[in-house]
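Okay, handing you the structure first.
Naming follows writing order (A, B, C, D and E), and every chain is counted from residue 1.
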Amino acid sequence: MKAKFIHQKWFAIVCTIVSVIAIWYVASIWMNANQLAKTYERKSQSWTVSQVVSESFSVKRPMLPPPHQVLQQWYKSVFDTKVSSKRSLVFHSMITLQSTLLGFGLGSVLGIAIAVGIVHNRTLELSFMPWVIASQTIPVLAIAPIIVVVLGAINLTGVVPKAIIAMYLSFFPVTIGMVKGLRSADKLHMELLQTYNASRTQLFWKLRWYSAQPYLFASLKIGIAASLVGAVVAELPTGAQGGLGSRLLSGSYYGQTVMIWATLLMAAILGSVLVNIVALFERILLRRRGAAL
Amino acid sequence: ADKLTLQLKWVTQAQFAGYYVALENGYYDDLDLDVTIKPGGPDIAPAQTLAGGGADVIVDWLPSALATREKGLPMVNIGQIYGKSGMMLTCLKTSGISTPKDFGGKTLGVWFYGNEYPFLSWMSKLGYETTGGSGVTVLKQGFNVDPIFQGQADCVSTMTYNEYGQVLDGGLTPEELTLFKYEDEGVATLEDGLYVLEEDLADPKMVEKYAKFLKASIKGWQWAAENPEEAAMIVLEYDDTGAQTEEHQVRMMGEVAKLLNTTGKGIGYLDPAAYQRTVDVLLNSDSTPVITKEPVGAYSHVVFDKAMSM
Amino acid sequence: MTHSIKTSVYSLLLLAQLYLCFFFSAGFYKNQQWLILLLPVAIFSAAKLMSTLTQLIDAKVVNSRYIKPLVPALFALVVLIFWQSMTKGFDVSKILLPAPSEIFVAFISNIPTLWADFKQTYMKAVLAGYFIGCVSGFVVASWAIKSRFLQNSLLPLGNFVSAIPIVGIAPIMVMWFGFDWQSKAAVVVVMTFFPMFINTLAGLKSVDPLHNDLMHTYAAKSTQRFVKNQFPQALPFIFNALKLNSTMALIGAIVAEFFGTPIVGMGFRISTEVGRMNMEMVWATILVAALAGSISYGALALLERAVLFWHPSVRSAQAK
Amino acid sequence: MIEVNDLSLVFETNDGPVNALSNINLTVNEGDFVSFIGPSGCGKTTLLRVIADLEKQTQGDIKVNGTSPEDARLNRLYGYVFQAAALLPWRTIKKNCAVPLEIAGHSQAHQTKQIDKYLKMVGLQDFHEKYPWQLSGGMQQRASIARALCIEPDLLLMDEPFGALDEITRDHMNVELLKIWQETQKTVVFVTHSIAEAVMLSTHIVVMSPRPGRITKVIESPLPRMKTLALRDTEAFHALAAEIREALADEHAID
Amino acid sequence: MIEVNDLSLVFETNDGPVNALSNINLTVNEGDFVSFIGPSGCGKTTLLRVIADLEKQTQGDIKVNGTSPEDARLNRLYGYVFQAAALLPWRTIKKNCAVPLEIAGHSQAHQTKQIDKYLKMVGLQDFHEKYPWQLSGGMQQRASIARALCIEPDLLLMDEPFGALDEITRDHMNVELLKIWQETQKTVVFVTHSIAEAVMLSTHIVVMSPRPGRITKVIESPLPRMKTLALRDTEAFHALAAEIREALADEHAID
């Protein structure tokens, strides 16, 4: 029954990591060496290929830092720095995580509530649904500072404005997925329960809620990733108050390319971990439901 | 203690050392003030925070303050910290620019977000179009000076105390660069100053509070100018992003100290002549008007006078 | 009969609120506080009107094709009236939140600027990036479906990359691809590629096992399986990605413009005008973005309906 | 029990109206076992759905137990067995059977009693903790029958419930159904494709015909109410089967 | 044609292995019409799927036309009719029937000819422009039979193809199938639940039994190859039916 190892997930992931790193090295040598060569030419100094290639491994402001530079920086700011230090990426991740989770919680509840409303109330469906979609065409980053300022005016500061932006991004996938899920209830099952004269509440808790669960979890996975993006985005304009977003910004502002990449890596890791936690919940739940896993 | 919130124009850095020093050394406490400092960022318009009630005092540049005033937010300068402009245009020699006459057809990196007014006035004075056509090509410069390294711009905007250092850190040498300081080009405008809402000044209690704040801040600035290294360390302490380096902040503090107001009655006093120079520069830019008429009541000395009499 | 009387009363109440927010001088809520009581009344009236309309549509009393859009329009109207009343009634500073009427005026009087921005951001960056991102996502997914190994490698990578916030990618792209629209298109490519990839893959995998068996018994070649079975089955998923990407692409391009741009483009306009305290102009640009996004989305939804006429989701929607 | 008067039903479809039922007149008395038989597409399912208030007629009139089908449904007067099993995949077989009982608000003890009884009757007592997808199609359908029986409704509406079963199991189920029907004096309306099944079960056989869907003949069975498998080889059985086959063939023209 | 030797198939499931097929030995000669009959879950479908190379045996050996099932499949030796219709919802009935022809690369003209012929045979000539979801379940199944016939394969594998049809149509389809079988001298392997159908069609009846799935008896039909509906009322017919019923009952214990 054991599949060949080439079909195993871990093998594929190892292969991916190896090839990504290989491509990354080639690209970074190429880009950085080009840049170095240009610099030498500007200063009309002579250079050789082997010289720029070897130098391209440790440029201070690289076009593309090679993986080891990023990993070193990442390792340093995660493990070699006290968690309480402002230079620790863990410290900043925690700040971002707070608003991410709060925003995700709010967004999920809001998303589910809207979906339930839309599925049960035709007026709400007709009037509100188009605007749910349209709401996502508003560029969030553009309104993020406005939200921060307006909320600041009513003395909502700190984690709440960030969480609200995260919520704005994460409620949408939840609403869409949940509407679809609640509607995905099998027609035959609906009719069956209709023959039992089930009330709308019974219909919801015995049927719709269950048929929506797979959709809900798919949406929650998108939602939590979106929430993280929202939290990071919200940290840009809120100024230098910590968090991965402000770390990205200051990295960008001070030309610390390696730091940007390390922070991006951290954000991606954080995102994957969050998504996987949701996926874990999904598996547990589906197993409890007796799905064939 | 009286509560007071200060909104900075940019992220925590030595540009704002005086306020952090005053906070750290307890100068605000001494005057029974409970000051909160809100760092700014690329999308924080301090004036908006002021209008929304998120801050009592903001740090802003005079050109954008005047423009905002014309937009209908009655904000008033109560103290001028910087006397000289730190803005300059930093150009690559290899791009063939040695005088402003050479700008034609070149690509210049400029900060927008309310920081573009002095530049626009200058170009207007030089007679360059900035919106395509003949003239100069303008790039909205992002958060850093990368364009000059990437060869995407011939010149980038820098502050003497900040981005210029980054240009040097990035491997360019002063010999490779031509600098155009706004001060030297006669288009200097007043930069970091303190602003409050006009209606607050009608209330003597508020004036008193602001006076205390100004007094302590001035003290902070004086201390910072005298102890640049310690001041830089204090700033680092308050930087929540952890991105600032000691080396950079010490250098910034040194440069900032050179810009502090020395005219008239010193730090904190807005010299009416300097004010008028800024207004004239702005009014003279006919192609892209920053302000259209002579502003009235855009500054007030009542807070400064009160502070000095305390 | 009572029905139409009620309807007219509700309409009148709504009109009264409209009159209030346009013909009273700013700050009316501050001056006459009781006026604010009219606002919930107007909102209630609108809700009643919307539900009446919905009933008419569902009972097929009216031609729903033309009447249906009225319901969301009414909803938007209420939101706008609320916004207008609050900003005008409390005389909110223009640099904090302009009233819809002011935004509208800014929109009308700045059409040439807005159009130039739209061309720069949408016609160049978004379209190019969207096209490249979606097509390559689809192509790579159709290639990956052939091998478990490729799926196992690319899916986690896709999920990992999707977790990277665009705000971090944008400055890098500007560094690599320059200030003009190319860097924004690159951001859009990165943003749209993986949703398309993941959705297409899910779609191709959603094929009914029975249909798979059927193709197997026909000894169909893999291209035949793809064209005749997998691709049509995957279409609903592909359309999902197309719709999702159409809004994401615009946001991505606008956000990328915050990190450096020639002095044109919607992202440039927004960030610059905030700094200049021209909030009407900021909102007018946001309005353009929302319009562009909604129209793209709507067009794709219509196309989807035409192409997927056979799909249960479309059929049940049409049955209504 | 059921009174159908001049009932018609037209489906509006994208390519024109479909006359699913046309001028149906039918009386089902209490205690009857009525089978609908006819070629596919003749409206058997549709007629059953109208009775169950799952579909509304476009013309004519129908009374179930003297009330409208809707009231009958609201009073939980009938149990419905669909052509497909329609089990909820996230519930075990036992919990699936519990659904109608839960909805009607029965006690836990009563639920368990009913479920045990009827799962045993359909031969699934050993599978009550299994999930639907762990059962074969036939077993699933048996579970769905047990589910309908659990609430012991006055009227049992069954839409080809045994279509997916093998013949032996089907025979067995037929006998069991007859027993239940006898014991409880229920009324049953039953859709089938099988002439033998119709003969075996029914007191009345309604022969239907398509395009438009209508009743072509109602045959009253001369056989005793309670039948055994042995009856199958009797003359009377064959005669009735032949009569039905003839009635069907009369109206039937496949090419 | 088909040679099965000591074949077993075990499904590994979460709750242990399922012996779907155990020690199957079977020979199907060219031109035979072989029916598998047995209670649900006895492995009829699984055995058919092994023949069609849709499932691999875990033990034993099978040859189709002297080659492996895989080669037989690649040579498009057989047509398969599934228990469910499995039509593609985005294609009209006609275009659905065209799928296997397209895949095999037949000309447009040949496609049209074949499709017209077989759609007519199953009585769907008026529905060829309809989409599957516009047809009743029975009609869909008939379309799927037409689709399998279109490529006129040597071997026809049918998994309860007529299960969803009404008896008259079923009878008709049985006769048609017999005709096709006669005309073309095809080999047919046929899964059914219906004893009557098995008797009506087969030259050989394979009786199967579950847990583990195995063959309990292979009955050679004494009836002539070509049968008519009239045969139904003969003694020989009933005798064979009784023999099958007995064989089934022997192994069958529902409670």
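Everything below uses one rule, namely that a contact is a pair of C-beta atoms (placed from the backbone, for glycine too) under 8 Å apart; a residue touches a chain by one contact, two chains touch by 3 or more.
Keep in mind that this is a model prediction, so the values were computed, not measured.
> Smallest number of touch links from chain B to reach chain D?
Minimum step count, chain B to chain D: 2.
> Given the touch definition stated above, what is the smallest step count connecting chain B to chain C?
1
> Across all chain pairs, which one has the most C-beta contacts?
Greatest number of C-beta pairs in contact occurs for A-C.
> Counting only Cα atoms for the centres, state how far chain A is from chain B in Å.
36
> Find the geometric centre of each of chain A and chain E from their Cα atoms only, then give the gap between the two centres in Å, rounded to an integer.
52
> Chain D to chain E: how many Å between their CA centres?
Computed value for the inter-centroid distance: 28 Å.
> Approximately how many whole Å separate the CA-defined centres of chain C and chain D?
49
> Hey, what residues on chain B touch two or more of the other chains?
Residues 42-43, 45, 48, 52, 142-143, 146 of chain B touch two or more partner chains.
> If you look at chain D, which of its residues touch at least two other chains?
Correct list: empty.
> Touching at least two other chains at once: which residues of chain C meet that condition?
Only 96, 171, 175, 258-259, 271, 274 qualify.
> Touching residues of chain C toward chain B in the complex: what are they?
Touching chain B from chain C are residues 93-96, 171, 174-175, 178-179, 257-263, 268, 271-272, 274-278.
> Show which residues of chain C lie in contact with chain E when the two form their complex.
Checking each residue of chain C against chain E gives 208, 210-211, 213-221, 224, 228-229, 232, 310-312, 315.
> For chain D, which residues count as touching chain A in their complex?
52-54, 73-76, 78-80, 82, 84, 86, 88-92, 99-100, 102-104, 131, 133, 151
> Write out the stretch or stretches of chain A touching chain B in their complex.
Where chain A meets chain B, its residues are 35, 38-39, 42-43, 60-61, 85-88, 91-92, 141, 144-146, 148-150, 152-153, 157, 236-242, 246-247, 249-256, 259.
> Can you list the residues on chain B that touch chain C in the complex?
Against chain C, the touching part of chain B is residues 42-43, 45, 47-48, 51-52, 64, 67-68, 71-73, 112-116, 130-131, 137-143, 146-147, 150, 152.
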